[in-house]
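Read from first to last, the chains carry the letters A, B, C and D; within each, the first residue is number 1.
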Amino acid sequence: EALSDTLAEEILRKAEKKAKELGIPMVLSVVDDGGCLKAMKRMDGAIKGSVAISRDKALTAVYFQTATENLGKETLPGASLYGLEQTHGGHVVTFAGGMPIYSKGRLLGALGVSGGTVEEDKAVCLAGLTSMKD
Amino acid sequence: EALSDTLAEEILRKAEKKAKELGIPMVLSVVDDGGCLKAMKRMDGAIKGSVAISRDKALTAVYFQTATENLGKETLPGASLYGLEQTHGGHVVTFAGGMPIYSKGRLLGALGVSGGTVEEDKAVCLAGLTSMKD
Amino acid sequence: EALSDTLAEEILRKAEKKAKELGIPMVLSVVDDGGCLKAMKRMDGAIKGSVAISRDKALTAVYFQTATENLGKETLPGASLYGLEQTHGGHVVTFAGGMPIYSKGRLLGALGVSGGTVEEDKAVCLAGLTSMKD
Amino acid sequence: EALSDTLAEEILRKAEKKAKELGIPMVLSVVDDGGCLKAMKRMDGAIKGSVAISRDKALTAVYFQTATENLGKETLPGASLYGLEQTHGGHVVTFAGGMPIYSKGRLLGALGVSGGTVEEDKAVCLAGLTSMKD
């Protein structure tokens, strides 16, 4: 089972619904398990700088198979992975808004969300993945 | 009037409908008048190499405000714009599949399509833009 | 079924055997269906410039799901895909030595070979994939 | 004496054996004394983000002829080499998992390991180099 159109659209729809509830225009990016963009939407009014960040959050979640915010503490100066944020040509994001998409324990890809505060981005990301059984 | 969610979705829907009629999975990218990605879809089964190309076709159509295939002859060795295809960090595409989106004479952005032959890509691109009055 | 260690090693072993028969040290790169490197070997004496080329041949075969030499004619000045060789940040290779790896009709990845003439590279590539049923 | 196929394979074999004992799929990269990739293996199940990191760990160990973790303290904000982690186009890694390969006091190349915790990566790296007399 790969990351299908149907699944990608469902994820984007749920995420966008949550973003609208919060009243914050966001950029939503879905990538597959190889980091290849599958679907992307920049909602009307979303800041342009969020395009790259939402994609990089999704890439980061695929690269390391973890929610992006989990990398924040570990990459602080002096922590065990200090410097990880420099790898992958600057495409690593270490704050909230990117989460891997699993189905039956298998990595299908990731969702990256950017446009609000990190808490808002995370809430939208979680909303996008509500029906996923990991 | 900017390139709205409504318009981007209409364009993607029409383009996808045409791609399905042709039986060819494609990648569809919509960018705004600054080249910033607005919406993107990689249809199930589309080759991964088409992701970058569809986006670059859209970028090219915005950069030069022309359908991408118009650059093909002009960039042949010895032609007047030979070398243009090297500019913009290698994001210029000189074959069919990218077209600017105009509304009432104003540039709103562009659509880039990749996945089939250049004729098929062009047909899908035209289908995506059918209702646009340029 | 993904591109496993077992399969990647079998492909490298067969390719290397052929390269040794030809008496030409080569670089052999296997990538998965997302273009992510799975295994790579630079045989003793192979030229260093072949490292990037073998990988890019494999990437190209995955991007476009075709043997790399099929892109040669189509990207000549005036041909329908003239300019395709400029895409993907200069990682497209349009001469022989890269081939997709299929199993039961599904793309698993690709093998890229560099170090000899294009005919030699192609022969080694074919030898690497002899047992694959596409 | 250069970094031969025989030596590279021995190093990869020992490192992989250790990774399997730890039960952690890893990516193993061997580069020569010029930083040119000699052999690379991504074990089944290893995260994809480890491909670039294992190679960059090996590059870093060659660039500075030291185990990568030795750069961690020196590149902390305020330390003497703060900023070094930004050099080389972002390919410097400052945590454990990369070690130079010496033979009779001469640099032959380096091994980079990624996929586990930094302690696990280091243990696998050490295991790969057990027979080296530096």
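What to note about this one:
To be clear about the criterion, a residue touches a chain if its C-beta (ideal position, glycine included) is under 8 Å from a C-beta of that chain, and two chains touch if they have at least 3 such contacts.
Small disclaimer: the values here were computed from a predicted structure and weren't measured.
A straight line joining the Cα centres of subunit B and subunit D is 43 Å long.
With centres taken as mean Cα positions, subunit D sits 26 Å from subunit C.
With centres taken as mean Cα positions, subunit D sits 29 Å from subunit A.
In subunit D, the residues that touch at least two other chains are 48. Interchain contacts give a graph that is no line, ring or star and is not complete, per the touch definition above.
Chains that are in contact with each other form these pairs: A-B, A-C, A-D, B-C, C-D. Remark: subunit A residues 33-35, 60, 62-65, 77-78, 80-84, 86-90 touch subunit D in the complex. By the touch rule above, subunit D contacts subunit C in their complex via residues 2, 4-5, 34, 36-44, 48, 51.
The part of subunit D that touches subunit A in the complex is made up of residues 47-49, 52-53, 56, 72, 75-77, 85-86, 89-90, 92-95, 117-118.
On the side of subunit C, the complex with subunit A involves touching residues 32-36.
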